[in-house]
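The data blocks that follow each hold one structure.
Two complexes come next, and they have one chain in common, chain A, joined by chain B in the first and chain C in the second.
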Partner chain A sequence: MVDAARQPRIDVRTYTEVDKVEGFVGNFKVTLREKAKHVLADRCNGCGDCAKVCPIEVPNYFEINLAPRKAAYVPMSQSVPLIYNIDLDACIHCYKCVEACGPLEAIDFSQEDQLVRENIGAIVVATGFGHFDPSVMAEYGYGRFPNVITSMEMERLNNSAGPTSGNLIRPSDRKNPLKLAFINCVGSRDKRYIPSCSNFCCMYSIKNAVLLKQMNPAMDITIYYMDIRTPSKGYEEFYDRAREMGIHFIHGRPSLITEDETTHNLFIHSEDISLGRVIENEYDMIMLNQAAIPQPDQNHMSSVLNVAQSPGGWYMEYHPKLRPMDSPTDGIFFAGACQGPKDIPSSVAQGSAAAARASRILHSTRWEIEPTIAVVWPERCSAETRGRACGLCVKACPYGAVVIEGDKAAEIITAKCHGCGGCVAECPEDAITQLHYTDAQILAQMRALLADKPEEKILAFRCHWCSYGGADLAGTSHFEYTANERGIKVMCSARMDSDFIYEAYRLGAGGVLYSGCHPQDCHYITGQLIGAKRADRLKKIFDRMGMTDGRFRVEWISAAEGDKYARVLNEMQTVLDNMPPEALKEEIEKLQPDMEKRLKRFPGVPGVPEAMAYGDTLVRAIKEQKEPA
Partner chain B sequence: MSHLPTTITFASEVKAIPGGEHLELCYSCGTCVSKCLIQQKVDPAYNPRRLLRMVMMDLKTDAYLDPTTWLCSECDLCYEACPQEIHISQVITAVKHLAVEAGFTSPLIAVSVDEDLCSGCGICAMVCPYEAPSLFEKEVNGEVDRLSQVDQNKCMGCGTCVGACPLSAIGREGVTNTEIEAQIPTPESKPPTLITFICDWSLRAEDDLKILESYPPDQVNIVHIPCTGRIDPQHALMALDSGVRGVLVCGCKPGECHYKRGNYAATCKMGLLDSLLGQMNLPEKQIQFVQIGTQDRGRIRHEVDGMLSALFDIKEAV
Partner chain C sequence: MSHQPDEVNNEELRIGVYVCHCGSNIAGVIDPEEVVQFAEGLPDVVHATDTLYACADSGQRLIKEDIEKYKLNRVVVSACSVRMHEPTFRAAVSEAGLNPFLMEMANIREQCTWAHGHDREGALEKAKDLTASAVAKTRFLTSLDMIDVPVTQRALVIGGGVAGISASLDLAEQGIETILVEKEPTIGGVMAQLNKTFPTMDCSI
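So, the complex of A and B:
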């Protein structure tokens, strides 16, 4: 930290909050709130004379309230930069500190919060995690029994820079405990509180046990666990070492802690699963390894930074396997536990990766994106035609790239657009198009594929990342499937416009497959959800129209599911085979007027009439070739 | 014989019964086993975690013969504590239901009805937390009579019905009125200062029972009852009549009754008894009802000491 502060090109701002983040990758405009310390940074030399004379003591948050601090304070003695801070909530304005500061005149009670606007190229979020409060679990008696403490309190009591200089004492009588128990999974892996695993508690409870055992080999230490999870390099060996040192491990989640009211010793009731027997053991002190939870202000920061949250409240990464340090917003990166609970090696690895990703942006003058971006025709937007933008495009965008300001037409921030095409398909006015995947281009493909005997064809819409890969795999694996399949690739199932499906049936297609990634696997975060919602709607419409079940299929197929792709198409072919040709033809003709009605506005899209005319010539040419005049 | 694999597993049978659905979420943490007092107080083989495992592993007969199937009294303390939110008692009830269907019977000794005494009033059916007693019609001496009968597989033996029956027509070995009355001292046998009626489940730690037993017998006498629901106000008055100076009834905290709502029945009865004492011009503090929670280790000592000193004060005042 000191190194970082001394490095001339690193600017450390402490006691500062991020108020607002605007702009996009390479061009963020960040508003910082530099909170008033009431001490002038350029004059304070960190001597601490103000703290010495300050008469006010309040609990020290850094020491988990186990020690006091003054109203004039630094959070911890190693603080960087070493600048004191006057806590006005506690201060009684006796001005003894001003006197003690003397000629330095570093204390300024008139100081106020300052808003600073900075141009920022890339942002790395490393806000860490919070702690589950075990006092809500009445069965463990935290907060009621003095000798039940949390792991963070243990960290301070066990730390040579902590309030007891590393001398572990128990709160009730300040004696050194000899018989200790650690309880793992307090609040975590518990559907009533935090359903997920906190990742690092097994290791730190073993670490604390080993440290204490090294300090005093006579200490009797027991770890209560449900499962010991030691999945990284060297971890299992460390666990073995702890067992060899004589630390006891009891497989069983305690159900109750009771206290002897005179000695303040504690009794743990648990099952020893290996024995299959309920046991009750007495301890001097108990440490609860509480669950890691997102920071209390994580929801607020998520809206400030415009990054989504995963279930559980952690920041959501771009891709869980391939881009775990990127946020869905370009130019914002994650380091450490703010993205999910992780231990020190993983946090360091992710931090270094995030720094490297950020420097890639800072060192380039150009930012390359996929060319398949969305573009608005402002004159077609409902803001222009009806005076008010409908905002469906804003809702559809997983990246916050679509902006509507006042009564102006929707606008797309190109640098933020990833090209899923969700907004294009959702726009009821057809006012947005996607480069390289325009309505006209896709229509032209459909016309060509359905030119000859459309009622025999199955038109398969596939997304670029999953189901197209699945189709590819079916081919390279030589899985046999119907030769009547005709594929059209779009970037995401979100782009599969209902107009395309109606048009396919209007042109007389026998079947249509609507396929994309599995939910949660979508390359565009929530693109699949937008596509799935639309597909459900279409399915209901076609059912109501009386379309034979199986002619419209919605399937989520991953790139590894070539067999599924082949199976689904073969099933669709069977549906068509089971229909007498006249019945199929009759059904297609019966539904055609309905489809046409639903496509009323489609020919108004720029480029579509030309594509249609081209399609007509194509169909004519094919027919002429077949039946030479 | 065909050897086709059966598609209906035991687990799917149990899951089909409402309450059994979440059984497969169990990751065997053992919280339910230690939260429950049955293993410690009744049968070391009792283990809900293992019963759930038997269901998952298709060990049907083992599950039907397991004491867990029959001893669970549905107090639901484990449901509150389960980190996977499995309604364990409902799973066990589902297994029990299947076991009864398969012809297995409960090993517990159920209460029985003395048909000569029963008047068919139906109070037992109303107070039972398990719907074990029910009324049926029987021809006696040419007349149709209403009588109570007990489903042996449903009765958990709490004795609430025994305490409620106005004619002492229902009973079980160990908790009949005559057996409890035999434990209450007579004026001739030098009555102690205090007599305590202790619910078998309320004192969680063995130490607590030891505390109680450490008082000299001329000060404190102990009468064990299966549940405070079993308490009969008459017994308290009988004790006072025989020269005992105080009666302490000790049960579980609200919501922690081993027999669902026996302590609620006790609360009602003791409240009535309190107002009765007032009408008889007896000091209210002579009879007290305390409810001890699972975490109240050592509280019994305070309660007994407090009661003894209160009785001393009453004596001084007289």
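So, the complex of A and C:
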């Protein structure tokens, strides 16, 4: 902590939040909200005279609310930086602090939140984790029984800098407890709450038990566990040491804690798996090892950063094995528990690893980004054909990368375009294309995928970042789904042009899946919204046409939802299986003229006639290969 | 090369198709040779072959040598996910003098053999179609250059816990200006709230 504050190239900004992240790798524009401390950082010398005279006391979050702080406060005496805060929510404006501060004049009640814009090349996200609230588990009585506390509360009670100066007392009578129990996996590995393992709690409870035992060898300490997980270097040896010290380990998950109302002593009811019987033991005090959970504001931060979340809410890394520190957004990296629960050594290692990943970019003066951007054919823009640009492309762009000046055709600012393809699909004049994802390329792919027995096929449009990843995960996890699926990847659901969907049905596709990221995960801020709006419109059109429900499906599938990808495809297959082949064929043929009508303009798109002609040759070749004469 | 749309490609196409076994990951479910035979019959495919591991040095060397030998100007690799090896094969064709964006992958592992082990026949049909789809796309691919952007040599670390502090120190010690943002009034995070920490059992601050 102190090292960070002392390092001249680290600018520590506490009491500050990230409001907005715009831009792209090497060129992020970040808006920081420096919350008003009502204390001038350059004048405050950390003397604490303001806190001494402040008459207001409120619970201190840093002490897990076990001790008060003043309205003029630092969370702890070793705060870095040592600059006081005036908490205006608690303050009664007596201004005694101003008086106490005297000639320093460090207190400024007129201070307001400051929005500061910073140019940044790369970002490391290390937002950490939160703690599961065990009061929702009625069986453990946390919040009802004073002597059931969390391990984090114990940390403060056993800490020489804590509210009791390290004298561990039990809350009901302030006596020193002698018989204690820790319960592991409180909320974690529990299908009702957090199904996953919180990673560090085994070692954490052993550490606490050893510390207590060292402090007072007469203490009788028991750890209730489901499994003891000690896989890292030195961990198993530490577990051995704890057992040698006389710490008891009971293999069983307690089902109930009851309390003696007079003594406030507690009884743990549990199975002891080693003995194969139900046990009941009395304790003076019980510590619950809460599950690690994502930060309460992780969903919000996920939207600010435009990064996806894994099941459970942790940030989703680009690839679990090959790029574990990278977010899917180039230039944004994860470190520590925000990506999943981690202990201190792993978090430190990840901090270094993320720094190394970020420094590849930060030591370069230039960086390369993919050229899959949008490009305008100016002569096709309505500015040229009708004298006025319609501006739908400008509306569709999440980045302000499309500009229309006067009566000139729309223009794309290359450096601002992220390549979602929203403007391409929205342009009513087909005047914009996307490099590497042109209409001709996608049409040629569709012709190949629907060449043979199209009515049996489910054409699946997937966005690169989420649904394509979801399909990958379905495979990696070996979740089996129908082999009739045929996938086409575009960068974002915003690129999924209505013409592609009409064309798929014109070509006789049995089903079409339209899938992309969940709105909060979209890699292109609001790209998914554009895709979703269009998908809704299409769904209504197909319903009106009388298309069987389920032949067109819109689903938002994240890269973490392999199971969902497989399920959706299987459900679509069931829809097709439930239709008699003649009925399906009849429906396809019946709707074809309508599709053709809607595709009137499609052949006018540059490259499309060539792709159509090529498609005919290709389909012939594929059919010849599959059914040799 | 400019970033201009150039839909119609009039050059003579010479497409090479590489079907990867990925050991038994792909070849355990389908016969790659059948995909190769199928690909040979597709328009503009001048060479198709299977390879045990396309991503291995030997597989990449094969592709590079073939680009020269068969004068290939488009390459299709039917193998794994683009999320896995697109950079590998882009680099490989690039080393052989081909624009990296003239290489297209067909995902016949994650999105085919791994997901359809229960339906080998269906998986084979799908692998053929996905390969044909990649061949079809290459017909309309154009050379593209990466876009070169400047870099602001400043880092932002969000979160002043143990991971954020570690990242900030490493960045700063490399000479990179770093802003460390913490929403609470002090850095330290959960770690600062702990009593002594394992394995050194010393103060956490």
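The criterion applied here is as follows: the second predicted complex is superposed on the first by the 367 of 629 C-alpha atoms of A that agree within 3 Å, B and C clash if a C-alpha of one lies under 4 Å from a C-alpha of the other, contacts with A are read in each partner's own complex, and residues count from 1 in each chain.
In the analysis below, contacts are C-beta pairs under 8 Å (C-beta built on N, C-alpha and C of every residue); 3 or more make two chains touch, one makes a residue touch a chain.
Since the model is a prediction, treat every value here as computed from it, not as a measurement.
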| item | value |
| --- | --- |
| Touching partner for A:H436 - first (chain B), second (chain C), both, neither | second |
| First (chain B), second (chain C), both or neither touched by A:L256 | first |
| First (chain B), second (chain C), both or neither touched by A:E139 | first |
| Touched partner set for A:M226, first chain B, second chain C, both or neither | first |
| Partner chain(s) touched by A:I273 [first = chain B, second = chain C, both, neither] | first |
| Touched chain A residues, chain B compared with chain C | C |
| First, second, both or neither for A:M545, with chain B first and chain C second | neither |
| Touching partner for A:A308 - first (chain B), second (chain C), both, neither | neither |
| Which of chain B and chain C A:P606 touches, first, second, both or neither | second |
| Shared chain A contacts, counted only where both chain B and chain C touch the same residue | none |
| For the chain B and chain A complex, residues of the former touching the latter | 27-35, 39-40, 44, 47, 49-50, 81, 83-85, 204-205, 294-295, 297-298 |
| Interfacial residue positions of chain A with respect to chain B in the complex | 138-139, 141, 185, 189-192, 226-227, 251-262, 267, 269-273, 276-280 |
| Chain C residues within the chain A interface of the complex | 3-5, 7-8, 37-38, 41-43, 81-84, 101, 107, 109-119, 122-123, 125-126, 128-130, 132-137, 139-142, 144-199, 201, 205 |
